Amino acid sequence: MKLARKDLLGIQDLSVEEINLILDTADSFIDVSTREIKKVPTLRGVTVVNLFYEPSTRTRTSFEIAAKRLSADTINIATSTSSVVKGETFVDTARNLEAMNPDIIVLRHSAAGSPHMLSKVVRQSVINAGDGAHEHPTQALLDMMTMREKKKRLAGLKVAIVGDIAHSRVARSNIYGLTKMGATVSVGGPITMMPRCIERLGVEVHYKLEDAIRDADIIMMLRIQLERQETNLFPSLREYARYYCLNRKNIAAARDDVLIMHPGPMNRGVEISPEIADGPYSVILEQVTNGVAVRMALLYLLSGGKS
Amino acid sequence: MKLARKDLLGIQDLSVEEINLILDTADSFIDVSTREIKKVPTLRGVTVVNLFYEPSTRTRTSFEIAAKRLSADTINIATSTSSVVKGETFVDTARNLEAMNPDIIVLRHSAAGSPHMLSKVVRQSVINAGDGAHEHPTQALLDMMTMREKKKRLAGLKVAIVGDIAHSRVARSNIYGLTKMGATVSVGGPITMMPRCIERLGVEVHYKLEDAIRDADIIMMLRIQLERQETNLFPSLREYARYYCLNRKNIAAARDDVLIMHPGPMNRGVEISPEIADGPYSVILEQVTNGVAVRMALLYLLSGGKS
Amino acid sequence: MKLARKDLLGIQDLSVEEINLILDTADSFIDVSTREIKKVPTLRGVTVVNLFYEPSTRTRTSFEIAAKRLSADTINIATSTSSVVKGETFVDTARNLEAMNPDIIVLRHSAAGSPHMLSKVVRQSVINAGDGAHEHPTQALLDMMTMREKKKRLAGLKVAIVGDIAHSRVARSNIYGLTKMGATVSVGGPITMMPRCIERLGVEVHYKLEDAIRDADIIMMLRIQLERQETNLFPSLREYARYYCLNRKNIAAARDDVLIMHPGPMNRGVEISPEIADGPYSVILEQVTNGVAVRMALLYLLSGGKS
């Protein structure tokens, strides 16, 4: 089976079959990263451009490793060294890149919708590596891959997502994906961080951590962006942690075999306590490992590969 | 035929035969970038260092893609992360690079003549990727390649170059190249941006846009560097645009089949209006595509390749 | 013979046999960098991450070239673009990298002991590329390789190291290595730059340049870090240079066939005069060339290669 689309812009417009195809393909790439020779010639001659308008270690590195394991060439463009400083429009930058004939452009941008605009402008495949507070589809795919691997299913799972829901592209992509795959999603966080009308996405809304995670199979703690503090969304980190830091005590509300996830980078002691982050039910590092496999799967499928 | 020189420092010292050799070789590389597997093993084991003392997306990316399509390895060094901050002299940096045995050094530097100095210091091939307001030979080569491709000749063409001629390495390299190849060049721009004695380079000088582009086969609009405004070379962008922005109206002075070029990045609405930039006679994106081919040709020829 | 260790953290814990193994292996890699095709397939499929928390051209470039000559893939992470800005702990960054399954992590960090901490956290091989004022083992190995190549032995050599001994990881690693290999080390510099109890490392201590270099076979001049001036370790560069700049006159105290070394980047006219830096006994650029070979040797040996 092939992925019959040019781009991977978000989870919202993926079908259940497409999500399954991507996750199955990712599963089949897991072993490449643990072999002695961690490289297959599948995408030789393919050029992947990582166009990052926001700083990122983990996502850029994950895409770069994924591309290299498939023998693709990678070109990194980060804003600080880019001609955006010279005042060129985003569309012109896009068309210029297109004219150099790469094959896939991986875009991270602070403006929601940028990858969609890019995909309309260029004939190359575009992968959304995070656009503003909108979507971060590869994160949601690696999250679902990890849940499926550990719980052997997605349908019927109860997943709690806790933190700054309003500003989280990770939350949004996961809500789209998980509800589509038949999981139940509950979100939790302070009312200042909860988007209005979030119920319309088919999730339960709670303002207390314990309520949000009650009977959860999976808890996904979101990173508090420390720079938000200035905008008065919460009084202090200390105050936030008091009510929303997942710890040994409040986790009791969840199921005994609950899995703990976090998209990283973690603020230990703010949204997650060290004993939970490093505890036996944390699958936070499996998420990172699966991230490489999911990105390999997408690079492969968008290049016309079959599962 | 081989390119019998170690370096590509400028257009000024190239012969007509050498320019033809480079353009012919570039033509032959065009199809590599449109194949399904965009890679040939020609320069396997060759190391290309991109040493950029000025920020650049397009030129660095173009060189990096060119090198990778030929299977060369690339090393990027940008000033911000370089030991220039530690106060080492340019010559010492050069000798250090030389001692690591790369094969080709691509240099962009704000000081005119830097590539010439580098080429004297190191035994490696040096390619000038722009030195101050002096030369930008790969840009002129891709410009000439594009003109030749579209107009089937260079000799006899009338080319108008409009903008900040005094500070433009693109203008200078094109003037050297085009006059050498038998084209007629006219330059236009405000008197504050016109270098003294520019006529000695064999060009016509005009201070009105319409005069400069009259009967032109090609119009090359130069980028206004916004930071120059502070130096009082022009009163305001608005004022500049009023007299020198190429638009649907003033373009009538040129030939009906005139081609529009721009080295990028463009300031839309300043030196070029959107309807011209995106219009039917614009070959601005073909320039970018040809840039990769020209750089492949140079990397190939300087490595001892034959046409 | 194999290198029976996971990491290369410092010279202090290497045995004489291990140092000889690394230097012999490096010797055997020297010719790869001078061949026409400067690449061997030895480490195909191996991923080397250059994790640099301090700026560096020479060391990062040297590791990157070394990795590519062995056909390994390289991933560069520099702090400015890294998630350290997002407040993640060093250990979390390390674990995340580990989860992406690279093979070797090359770390430069301003905190002494960071590579040791990293090596405990991750299962990958760690190479110390400089940690604070602690160790810079690959520099000392390339220094010893250069001395051995030129003087045909290490045992019995008299090596003078002059400059800011207290803050120099280069000095420390060389002292560990050279005393271990049977050389005599004397250190020289102003008393404000001399660590207390340095004699315990088995070196002679002098405060006058001429005393330190007397009868030396090798003089290694250290780089004065210009930023230290503010901390009042010396009154002025002029004053420092007056007493500690190696020049044509004071070098007479050393042996006639003395070799001059410097880890770079040099401050010409501060710690070393141009006539010495560029003079006939300078092997400063051979050090750089040998640096690539030493790093190839380490990448090879830590990947399980045999000499």
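We call the chains A, B and C, going by the order they appear; numbering starts again at 1 in every chain.
The definition used in the following text is that a residue touches a chain if its C-beta (ideal position, glycine included) is under 8 Å from a C-beta of that chain, and two chains touch if they have at least 3 such contacts.
Keep in mind the model is a prediction, meaning the values are calculated, not measured.
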Fitted rotation between chain B and its twin chain C in degrees, CA, nearest 5: 120
Classification of the chain A:chain C interface as same or different, half of numbers criterion: different
Computed distance of Cα centres, chain C from chain A, in Å: 40
Residue numbers of chain B (touch at least two other chains): 80
Interface residues, chain A side, partner chain C - complex: 33-39, 52, 55-58, 60-62, 64-65, 68-69, 78, 80, 223, 226, 264-268, 285-286, 288-289, 291-292
Chain A-facing residues of chain C, complex: 44-47, 49, 73, 75, 77, 80-89, 92-93, 95-103
